């Protein structure tokens, strides 16, 4: 019991005994986990881009002549319930007239004496969600409706948008993994150096009869603390950075970065403690015979 | 207590000890003398098994060098007090903490540790240096600190490598008397020294090392 | 002269004398500059996104009735020479007919007996270049042409595209600056630790009468080498990463990351040597009285 | 050559030297004795200006302690040879490189350095250890290495702090004879030692330090 509390106390004292190396470790955990946290957030927010692009995409459905408004409304409701459809807008024959006017600058009634333009419907696709949007199943379902005459869609466009998005999020995930790997390396590297500067102490400990676990335990306590403190700092820094960033960005382009500070902190602290503790154990082993 | 059986150890760059046979019984007080570079420190390192013999066998306090595993070393060393020639104090903690360390390793209760350490520092005339870090001690003070650390746990065996090199004659003599006292109380002592004047005529066994071999 | 060559040699020998600290420094330069290099490339390639979005944007110009084809062609040429215009496509009355057919599923000739649709022209805006595209000056120029009847454009869309892009490239630049700052910190931190582990040597040097510059010079040589080697490694790693990445990405979405390996290497090596050398000098100073 | 004028230096935690007056002339050979912790090392540190006096003034070889700037220290130390009590060899280089270092500091040509270092190592009986790193040397060998390093540049002043602590009597005596030789050739020597037997009756001035003060 006395031994255990001594070892815990040793771990804590070492943080202050070796201020430079402690601060270096905490600092490097702080720096690298800030990047990791930043990229976690970036990843969580990449879907905003696909939302934006998907929002611009629409399918136009032209209806056959001779259906009543009720029947059309009915059809519209059916369309609205298709998976992948976000919203539908009926463009009645009247609306089509206005569109013709705006598009060609002339009144179709004046030109022809009657309204030959068909009623139609603009189908907007789902913009949320990160799964790849498949357009063909929607088209198939639409074609099955009896009221539908013709369907206009740019099959190329949506798949291009999706693949752009896919590339983008692949890069984002790649960045994240890369930065996580680099964090692990940088932190381990720092820990390796800090423990290297204490290798003589480790040897001396063993020469006076300390067991491996006796030597190692304070390092684990230290590692835990460094990991906790460094990642905590990065979580705090990110919180304020994004909080401030959000007010600035919001003013300019009305966009807010989504984030859950508790989840972010928990993730970062978990990562920080894991890397730091494991790094300490591994680096110590090198000098423990 | 300590048995060396035809032990040899040669460093890669030469030097070391060859064909050493030595028996030290329980409660013996043995001086080891020999010129500089003759292998005294190497002998002691072999005994506390910092290095293991390339030839021969060493038995210390029932621990055998052949097939010695790193895991068992702490058990052996917890029974041995070591005074290193180069002190090896931990420079990240003060005198008190340095001397207390072996007791923490053995899991002594805190109050007893404070008591024992204070008594020991008093005995070695270091009571007014408790909060000094090693680099804030004079050469002789560091050396005594190292002796205090070796003796604090009342070891079965005390190995002392040139423990008076930085001590004046008076303090050296006092140290020998302290050693004789704990030797009477049962501790086996092996002490390497150049200071023949200090050790002669005290009735202890003297072994002479020369060029890595024991001369009798 | 002997002293100088000794100091250079010392610097080089120290790299091997202190293998652990050397490799740690090189490793940390390598890691952090890899991120920096990656982000330099990402920055250089963000304009691909704006290009894609701008390519989707068009201005439609409707012409008045009663102009000859020559006059229209003339106008089209004039439009093509407006700053910010990438290309123009004439949509003659005939073309408009086809478009009507595809848009409404009926033949305008059948409906009306003549072609009331005006000739028009689709104007594509410049997609290259990273400056913000201003649409209004183009519109103003177009309005001044006598042949022009009406102009259709989504003033909102282009500015939204541009501001999205702006945000995106701001974030990219922010990432870059952040990563550069973090690199500087991480590298300095590592150097600080490596030199900390040699502080006793520095003190000993001074005790035997070495001048400050004598002590410092080998560290500078070492720093130069570490910086050069670490950044070189990161340049090589990035080169192969991107070379491989390009073949993979190219297969999937026919896109190639632009990069000039010489410029990239030169930039990274410059940054690496600067940070490492300055870091070494600063860290040494701490222990040089 | 060395003048201490009412010099005091007290460490924050106590200890140090007080009101020291001392004059050592050119080519003198002075022994400084005193019990452990009396302030010998502190005195020497003051003389090579590792610490500057809080009271009083020190003049060494025309360098004055008051207003001493760190920039001028190398000039002073290049004329002084120091044997440190704790050796302070550079553990990242071998014996040869360690001993050669002061000559590199002074900018000697390479060939001359090799020559001088080999001669010196020979004199100290270390020729067969040229490629040993400090931790591969015995205590006494390290100590002699430190002496060799101090003497290699033929300094005006040699300050030696307990240079025989880890040497056997024979080697210690040889060292003193080497010191006497260079002293004859003009080097001023101040040597701190506990080993009264070694230094008595050799006709050199002996100053005694006790509790931080000089006794005459």
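For this structure, a couple of remarks:
Each chain gets a letter, A, B, C and D, in the order it is written, and its residues are counted from 1.
In the analysis below, a residue touches a chain if its C-beta (ideal position, glycine included) is under 8 Å from a C-beta of that chain, and two chains touch if they have at least 3 such contacts.
Everything numeric in this text was worked out from a predicted model, so none of it was measured.
Listing every chain that touches chain A and chain C alike gives an empty result.
If you average the CA atoms of chain A and of chain B, the two centres end up 62 Å from each other.
Centroids built from CA atoms put chain C at 66 Å from chain B. Our note on geometry: chain B versus chain D, Cα centroid distance of 29 Å, whole angstroms.
Along chain B, no residue makes contact with two or more other chains. Chain contact topology: the protein chains form a single closed ring, every chain touching exactly two others.
Pairwise, the chains that touch each other are A-B, A-C, B-D, C-D.
Chain D meets chain C in the complex at residues 48, 50, 70-71, 73-78, 80, 82, 84, 88-93, 101-102, 104-110, 149.
Looking at the complex, you find that chain C touches chain A at residues 20-21, 24, 27-28, 31-32, 34-35, 38, 42, 52, 62, 96, 100, 102-106, 111-112, 116-118, 149-150, 152, 163-164, 167, 171, 175, 178-179, 182, 185-186, 189-190, 192-194, 196-197, 249, 252-253, 255. If you check the complex, the residues on chain C that touch chain D are 2-3, 6, 13-14, 17-18, 198, 200-201, 204-212, 214, 289.
Touching chain D in their complex are the following residues of chain B: 11, 13-15, 34-37, 40-41, 85-86, 128, 131-132, 136, 138-141, 144, 161-162, 165-171, 194, 196-197.
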